[in-house]
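Shared between the two complexes below is subunit A, which has subunit B as its partner in the first and subunit C in the second.
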Partner chain A sequence: MISSCGTRQRLTRALSIVGVAGLLAGSTMLSPLGVSAQHSGWVTSHPAAFVDQGTVTMVTDGSAADLDPASEELASSDNIDRNIGNTLVDLKGSSVGQVVPSLAQSWTITNGGKRYIFNLRHGVYFHTGHLMTSADVVYSLTRTIKAGLTNSYLLTRFISNPAKQIRAVGKYRVEIDLSRPQQFLLLALADSYVCMILDSKALKAHAKGNDYGHAYATSHDLGTGPYRIQSWQHNQQVTLVRFPRYWGGWSGPHFSKVVVQTVPESSSRRELLERGQADLTFDLTPQDYRAMQHNSRLQVSSPYGTEVDYIQFDDYGKLKNPAARQALSYAFDYNALLNGVMKGFARRATGPYPHVLLGYNPHGFTYQTNLSKAKALFARAGIKAGATLTMDEYPSTDLDAAGLILQAQLSQIGIKLQIKQMTEATYNGILYGTEGPSGRPDLMPFGWWPDFNDPYDMAVPLVASWSAGANGANGGYYKDSRVDSLLKQMETARRSVLVNDAHELQNIVTQKDPAALWLVEPAQTTVLQRKLKGYVFNPLELQTYNFYTMHH
Partner chain B sequence: MAHKMVTPADAQIIQDDIGLPTISRGQRFVHHTITQNLLLRPVHLLGVVIVVAVTLLAFFGPVIAPHNPVIPDYTAMLAGPSANHLFGTDPIGYDIFSRILAGARLSLGTAVSVLAIALVIGLPLGALSGMAGGWIDEVVMRVTDMFLAFPALILALAIAAALGPGLVSAAIALSMAFWPWYARLLRGQVLSLKNMDYVQAATIIGTRPVGLMWRHILPNALSPIIVELSMDVGYAVLATASLSFIGLGAQPPSPEWGAMIVAGRDYLRTAWWTEAFPGIALTLTVLGFNLTGDGLRDALDPRAAHIR
Partner chain C sequence: MIRFVVRRLAFLVLVLLGISLITFVLSHIVPADPVRLYAGPRATPATIRLIRHQLGFDQPLPQQYLLYLSNLLHGNFGYSLESHRAVSADLYDYLPATIELTLAAVVFILVVGIPLGVLSAVLPGSIVDQVGRVIATTGVALPAFWLGLMAQLVFFDLLGWLPAGGRLNESANPPPHITGLYTVDSLVSGQFATFGQSLFHLLLPAVVLGYGSLAVLTRQIRASMLDVMGQDYVRTARGKGMPRRIIVIRHALRNALVPATTVMGLQIGYLLGGALLVEDVFSWPGIGRYATLATLTLDYNAIMAVTIVAALMYGLVNLVVDLLYVVIDPRIAY
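Take a look at the complex of A and B:
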């Protein structure tokens, strides 16, 4: 995931047993300790009067590229998937820890939290016309693991042998057997992008070799969601129209058409909003947001999500010594970024964990800008005046500025920061590429948010040694044995241990052996027409919008 | 058509009678028309004034800049034009006026480098092609055709992308797009001039091809090349800025004008000065060189002057 439309990371969202059980009390019950729990699902809505709201138009800087939930990693693709597909369970509204039924009408957790039985909703149709059954759920989850594509990690944490562990028990019942209690499975299954259920018949019919239908799923709508794809002009526009057989029904006011247009220039997007030619957008400049707050026809929503923006350090070469990375952290002018550039649309990040994520430590170590200290630490690391560091970057309001601020700060202590600008696609190719640490720049800015509320899920892709290079987003090949040990412990830890481990991990990757220069948590600002109602923000579902709930 | 045979004796007479006096008269004519066209016509004079001003800025801009162009003022990010920051500041707090002054050297220097490389490649190849003829001419011209088949900026973009971002890469990439024009231009001149009597005469008295080229053809082929150069400076400045605009040219914190424009792109609605002043600097510079080029063309190309 990236701050401004980019790739997005997904994994878990953390909640302890007690926490989840508490949050789900009365509706969804979840207990990894083995307490049997059952949820009885929603009452199926019956069609009443459909009030057609016409067309809603979103303008965005990115374009959907891949619709296969097993592989896609762009927020712009997520945005389409979220509207054409469904998962077994959903996050409830703005909650990061409470789930509600979706394709699974109810579920039971038994065997000490190791067995999950999902009772599927009847009468759900895919956009292909096929009826959804347990075979589709089994195949969708299994293929995500077996195809070994980008997003398989989300489920492999829980399920190592899908053929054995995911079973259909009847036409509308699916059973998942885990080898140990897993407190986060439900939250992982609520990930609205990776765990989307697809039409297995279509996938199998179009499978090529062992691709599990990946090539076909990349560009075809195989979901059960409220909208289906009517047309898709790549890099220009995706048009969705309402799916009349949507299981959720169409009673009440809904849009019958959704147009998602790609408009790369932020000033053009602002113009379209102000002229009333678009209904919502995001990723404008803070100056734009400020100006638009005074427009009575618009509403500017700026809640905080789970995104953290940072500049990752290359753990080899010039920055191998932790003192060099600490020096960079001291050299940066945080206030210039927060106040000067972001104008209040961001708050200080103090590590990999954002404020709303489980494991965030409000009392964690925080760097204060100190160039003298930075100079001394650089000297200790053997980096003297005249040295040159390198940094790659792509267009992004806060990360662009962060690079320039760091460059200016370093120049004051005689260190040159060579910045190479490139397109986002090129940058992602380097970050997620196979190039070893010696062929990478010293600094790589990026943004990240977790798949679900879990500090393990947030940290693994960024700082685990096994996520280095092409295996995750650890673009700097960061490796610290203490961090690796903590992560292995966190994978199965209970809440109290998990939180303590997260605090310790934050301390290491921020202070003792910095993995990155942790910059800001940007506000997740969306500008909407004031007449547009029903927008619900979830801190984990960033840069995507559920149009089904919206209306005028 | 039968050619008149020229004997060595005739050749010497032609050299004495036609060669030097003709060039001398031509030089006087050229000086006169340059003065007439560049300094007496207001439009062309404006071009010259702009070119001189930009050139002076390229030399002295960094010295007279009121602020360091690569040290930002965090207390004045996106500040509007004021006494302290004449053209305002950009999103990081760089003083735009100082950066425009410093950027003149980068923009002009890169353009000059582009054209210098283009001349170094294009002129020898054009001369070789025109003088040698035959299969050498065919090969050279087909190669130039290959380069000319691509729109110049697209070709430069592809080369710059392959070389990696940076002003040096941009200069190399653009020169690859420019050299074929000079090769073709000189080849055409050579083909036209090498059949002139005085060149034939020099050939007959034993002047070697290199000498022939250097002493008799090149001096008489320079006018169109100079005109082309003067017109191309503006285009090279613009093309350099274009490559910087799409991230393939100057890299931060270089105060190159195209890079400055892209830095302010997202702030057009809220901080117009971030785009306006670098844009005006770029426009004026390109305009200045184009007007000067027009004047030179009128002076050095009598046919064009008559058409006007």
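Take a look at the complex of A and C:
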């Protein structure tokens, strides 16, 4: 969810039932909205011997700060959590819609899609030494909701009364009862950042007041993942070492040690990669990626994720008239941004939905740069030559440049764009602040991605009227009654209806009543040593890496 | 002397109070809500209210300030919104790194700057003097962050002689925390390989950090030396047949060091400020980087703590400088 500058994202993928069933040997799965569905675990063959690959070193701009999945927000923290913890179910590889077993070895969906029964894997140990049971699952999910911390929203959409709705049935079975069928619950539970299962004994032992062990979980490794934290020097380095009792086993080639170093300067990160002193990094400039593509010892991986970058319109004053917002969309030079600035490491966004997200309409309306049309639309909206628009922005490769490109384009038709630069923190303070639309700039750039593969989850924070101002990321106080109605319908709609609604919503917020100038989907580029194998990118798990699958 | 020290320390307390008030007001008038930033974009209003209350940010500003001061007296700098732990714990980790880097830079400045300044004065127009002039010009003209990047490019990327950053190699474990200064702690605990590694990692950032101050000190020493060398007592000493080496070191340099000490004291402030940029370039986990992060994320408590600690350090260093005058020049007394 957040800006392209490093905060984290959570995501989900739309549940592709058929795909899952086809992929899982011996599993049976019907629609989650149907009568029942069941998953079973993988059939394992004779394990190969562990082949120690030594140390893998990642250099990154950010630094882990908070390891508690109930509250942590930074991708740099997610990156550690993803390697020290597990969820009940996982996204399969690079899929955004297929779920595979993890701590839950199998599951059944009954009662018309309202009851989820998870059969837990036996013999799973936490890094604390305790054995995982259903009590840990119940407590982990319940505390995320009841502690009321940052990430509680993800589960409260599905579960309002955890004490009643989540319960242990025996030592290795957990049931979740919903008030209505929820096709996205499994995808939410696969969110490796929020729904990680922690050691409830440790949490309870270190709980202070009503914090559900939050203060302790912030800085302690309470997971079941393949790696455990060996040392953590804040703002400098986190060292993970393999957890010998990891339930997934250690057959085959794996790294026994993972070093995540904080290197704030992007030029320094590039140098470390080029000299072979680091194995992977991201968040460099497009110029860096271009140059590094020619280095035979490196591989530049640039898949597309679910992030969409845009410039939000203030639905007020000069831009109240949709024609003015359409004019801005026509005025923008998309090619200059895509090719001149992003050097090809981005593709056009045509609305709030990225290409890989459920609900994306490949045939949706796309603006082509046309200054004459822009001028005519401005005139229709009552904006004449000599008018001034305002824009706030913070340092970011594409969003910075987008402001300058728009400024240059508008100057050609006599409109002045005043740009105010500020730090990301100050900018976020304005975007998420309580100031009404009259006190906001006309244009506010930002980036967003969903928690999971759900067009409702992606759109609500951006364009729902109830997400305006301090209640979400609708910083322009966008309000369109058609959009609000569609969203209310989408929250519980069946897949086919959901997709149609998403198409309609995309059409409104892009063409009829634009909510934003939809810019690009930036490529999620990672630079790796060529000898590094096993990197699997998932479009929903941005800026985090699963080191367990990697090897030389 | 004791009265002087007590008076200066009392004055320092007043300065710190003033700085805490100014920093508090400045950081709180920024049009942003740190709780909203801390809570994240998806936090509900209820969550934000809860966090605001937990952090005490729902109280009136004067009350927040008084509470802050009260906590400060107990050594409690508050909770960092960025690192999610006590600011004092952050300072415990980061401050020694900056002190070590600054001390290393000071050593570099003194070891190189004093001989260079003296030789430039004694041998005007010589190659040494020319080198001193180049250092003076470039040291003042080149910003530390650019110099740092260039140094990395040359000594790490092209030559591969020195590491790009960090305090130790990624595979090395830090020595036990005694002072927090890796060079000292590794020596004390007998980890000589770690000592060598930490020195190796210190070299480039310390030189880059100290380069600007080296220029200032070199020129100051040179100018003072030239001034002193023209004094009557030096001419008298020379006339009495005293060896040149003795005249330069015992008579001229000692007197030239008085203004140089003042300059060096002031340069400590510059070094602390420069550490902000140098630490970022060299991934040096000190309070400079901590301060940068705190500022970017509006981490109030961290911003205030760093400002107060930096002011305290600066005040104490200048007090020490004032006391050093007595040692260097017996004519001075408080």
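What we mean here is this: the second predicted complex is superposed on the first by the 460 of 552 C-alpha atoms of A that agree within 3 Å, B and C clash if a C-alpha of one lies under 4 Å from a C-alpha of the other, contacts with A are read in each partner's own complex, and residues count from 1 in each chain.
The working rule: contacts are C-beta pairs under 8 Å (C-beta built on N, C-alpha and C of every residue); 3 or more make two chains touch, one makes a residue touch a chain.
For clarity, every value in this text was computed on a predicted model and none was experimentally measured.
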*A:407 contacts which: subunit B (first), subunit C (second), both, neither?*
first
*Return first, second, both or neither, reflecting whether A:65 touches subunit B, subunit C, both chains, or no partner chain.*
second
_With both complexes overlaid on chain A, does A:261 touch subunit B (first), subunit C (second), both or neither?_
second
*Touch check for A:423: first (subunit B), second (subunit C), both, or neither?*
both
_Tell me the contact category for A:169 with respect to subunit B and subunit C: first, second, both or neither._
neither
*Looking at the overlay, does A:336 come into contact with subunit B only (first), subunit C only (second), both, or neither?*
first
*So, does A:152 touch the first partner subunit B, the second partner subunit C, both, or neither?*
second
_Residues of subunit A touched by subunit B versus by subunit C: which partner has the larger set?_
C
*For subunit A, which residues lie in the overlap of the subunit B contacts and the subunit C contacts?*
265, 267, 271, 423
*In the complex formed with subunit C, which residues of subunit A make contact?*
1-2, 7, 55, 57, 63, 65-66, 73, 148-154, 218-219, 231, 233-237, 259, 261-265, 267-268, 271-272, 274-275, 277, 423-426, 428-430, 432-434, 451, 461, 470-473
*Partner subunit A, residues of subunit B touching it in the complex*: 70-72, 74-75, 77-78, 91-93, 164-166, 247, 251-253, 265-271
*asked:* So in the complex, the part of subunit C that touches subunit A is made up of which residues?
replied: 30-34, 36-37, 39-48, 50-51, 82-85, 90, 93-94, 149, 152-153, 156-157, 160, 164-167, 170-171, 173-174, 280-283, 285, 289-290, 292-293, 295-298
*Contact residues on subunit A for subunit B in the complex?*
265-267, 270-271, 284-285, 287-288, 290-291, 333, 335-336, 340-341, 397, 401, 403-405, 407-408, 411-412, 418-423
